[in-house]
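Naming follows writing order (A, B, C and D), and every chain is counted from residue 1.
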């Protein structure tokens, strides 16, 4: 597909910049790029995409529970290109550097991923619950695959100390 | 949560979740057809935007081309919904500052759009007009003439509002210079929709990343650079006029042909991201499917969530008194009776206020 | 704005005196779900597709009766689309509110003759 | 013979131009206000209870009287109970000094205009006390704002009242009405600006939009009235309606010549009702036209504009009188 040369250009630039830590990259359709990077290269790839390619707007951060590890997608949008940057972290102790210093708008999204999936974002100014209530039991991450709805309900009941109907 | 130093707001921390229904977990337990009606109920007013985003996602994964006529009908319903959502907000903003007449008039004019919606989709608000692979009902010529008649009336009414609002001194006294969001903050905090465009930044998903029939419909993106509540009102009123223009164009060039394509039930494994311009801003959905008839992961980020950090920036440094009006100005699309906790750094004590208590404090402070 | 106020004095009020003047719903609007038990073959497709689990089958196969829960139904019309025999139609009646819960579940029985 | 006169005056206090009649007029004006305000907004307004909904205010009153009267425990009992009753008596007392049926009010003495102004200030103070005594954050704030607002509108109101008083050379409302009747000249012609200021100030006194800040329902639930319920709320609501009659009655008496009219055969009461009705319609129209001000805009607005204007009006009146009579 010749007409999305701008997407090609970005992917090439990412390849030269990151070399082997760019694990995969594909152009799904015009204006959509999916790229997977190793967590260590996350920060400078986000900085690189922001500065040299104008992908300033972070639409949101999505986390997906793949069973063994957790894939975290950073959806960066600039002009008409939507870049979905993916970084995987092991589920046993999920850790990722925060991008709040570069994109202040990411603060809420990181908090949401933290409380739903348990991914610790190092350096986040204030990593607390965004949506779940204060009395939420410790390390119960509802969006993880192993937590079925009734298991969560028992946890809440235990935490609250009475039976939920 | 606001940290205040006397009257000046020093710091804002966002605490949400009072309307959290665990939607994303529910998606994983529903088939794609059932998901259609769940996604629509994420927000009552912009139901069509969410459903359009969902349907784009699933169709992209199935790699199916939907008939051009269905694209046009979707654009028509999406624009009708934008008009109804903006008119609703103009009314609510009027009520917010005690001007019930504007509320009554705006909501009376909104009835025109709601009746059209019921005619086309069978329901005033939650239209359920889309299905995977197209649209559920066709537009008959009688419907098209009714829409045109409705649009003429709405055009005249919206022009009346556009002329009247800036001249209305009492309204302007409460809106000009309140809740300033500088362009550089708006970009850094990833604000979206009319809130972003009221700070002079020209970003609209319908033009940047066109979907349905937006690639063919000519329209221009409205921006004001007042960066305050007043310009947010004007942006929304202008966008109604813009939507009417899009509707006229779409009705003019409505191609003929079928409205839906029959599709198999299962969705091939894969992942996809779709972005749509909801009335309140850019709405992004991420879908990951595993080949079964239930999605493996469905992430929704409604436009209002993107604007909450921007609200923080607008309020920080401002006065406690302006908080209620500024929050209403981004047109939050969820139950906004959120609790707000204040911690006064000097008195080192914190107290919890509901939105109404906050408002009362704001009016009291203004009294000093 | 003042002349707008005076103009609306002359106009007929836009509001509807609801219980006394009924709102004549627009044809095609999705209201009450009616199942024609002569056509229904009891396949249960509609029950599977209903996003709100508002339909229920009593008994098996072509001799079954159907239950429709008004309190759960979201009036999306998916059952109308899914039914292979198009036995389900949606009328435009919208005032289905009831006082007690029992009245809010309509049972569609098989006609006795068959 | 003496007891017939006594009975007659008792009856006139209790029934005709007295309490019963005033309450009926107050409820009627509330109905007129709500329907006109509704029609301005292109909707119906009360329409079911009685012909054209005219009994709606009565129905509301009876409903409130029947409703449970909850007294929160933390409330300062004495003031909380006394406030509604007092708030009701103030406008009634003031209304006795306004001529309704003929040139003479029920009670008139030199200086009753000042007494009426005093009563109106008392209403604002009682509103503050009512709010303060119900120890609820909403109502204390509402009460404070009511007091603040009173500071805003009292001064221009009093100054503009002086216009007709100077004209008639007396401080008694009945005498002012007499003067206007005998000279066949309405006070509004000589100080129109005063009439305008009085209307704006009365809007603030009646706590109506654009000055319903003490009771802004989208902001502080019901302001100082939040904790009142049942019978107490019924009394307060009735008091507010009576205040409307008081405001329009006073404006009619001072500026529009009270219950007198060019054609003598029509009785005074009809003139009074006609003029006050026009004023009630004006109030309702203003209520539909404006949005609510913030309290700081209201107070600064009144001190920056209303006070100088009212003083200017008095000075102009003096110059006019000086030039006219000598």
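Convention: a contact is a pair of C-beta atoms (placed from the backbone, for glycine too) under 8 Å apart; a residue touches a chain by one contact, two chains touch by 3 or more.
On a predicted model such as this, the values are computed, not experimentally measured, just so you know.
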Chain grouping by contact, computed as though chain D were missing: one piece
C-D or B-C - the one linked by more C-beta pairs in contact: B-C
Central chain (distance from its CA mean to the mean of all protein CA atoms): B
Inter-centroid spacing, chain C versus chain A (mean Cα positions, whole Å): 43
Separation of chain A from chain D, taking each centre as the mean of its C-alpha atoms, in whole Å: 63
Separation of mean Cα positions, chain C and chain B [Å, integer]: 29
Distance between chain centroids, defined by C-alpha means - chain C, chain D (Å): 53
Two or more partner chains touched - positions in chain C: 1, 5, 8, 14
Shared-contact residues (touching 2 or more other chains) in chain D: 40-43, 288-289
Chain B: positions in contact with at least two other chains: 101, 105, 108, 168
Every chain pair meeting the contact rule: A-B, B-C, B-D, C-D
Footprint of chain C on chain D - complex, ascending: 38-44, 47, 285, 288-289
In the complex, chain B residues that touch chain A: 13-17, 20, 22, 24-25, 29, 60, 187-191, 203, 208-209, 271-273, 275, 282, 284, 286, 288, 296-297, 299, 301, 305-306, 308-309
Residue ranges of chain C in contact with chain D within the complex: 1-2, 5, 8-9, 11, 13-15, 17
In the complex with chain B, residue positions of chain D that touch it: 40-43, 137-138, 141-142, 144-145, 148, 209-210, 212-213, 216, 218-221, 288-297, 299
Touching residues on chain C, where the partner in the complex is chain B: 1, 4-5, 8, 14, 25-26, 28-30, 49-52, 74-78, 81-82, 90
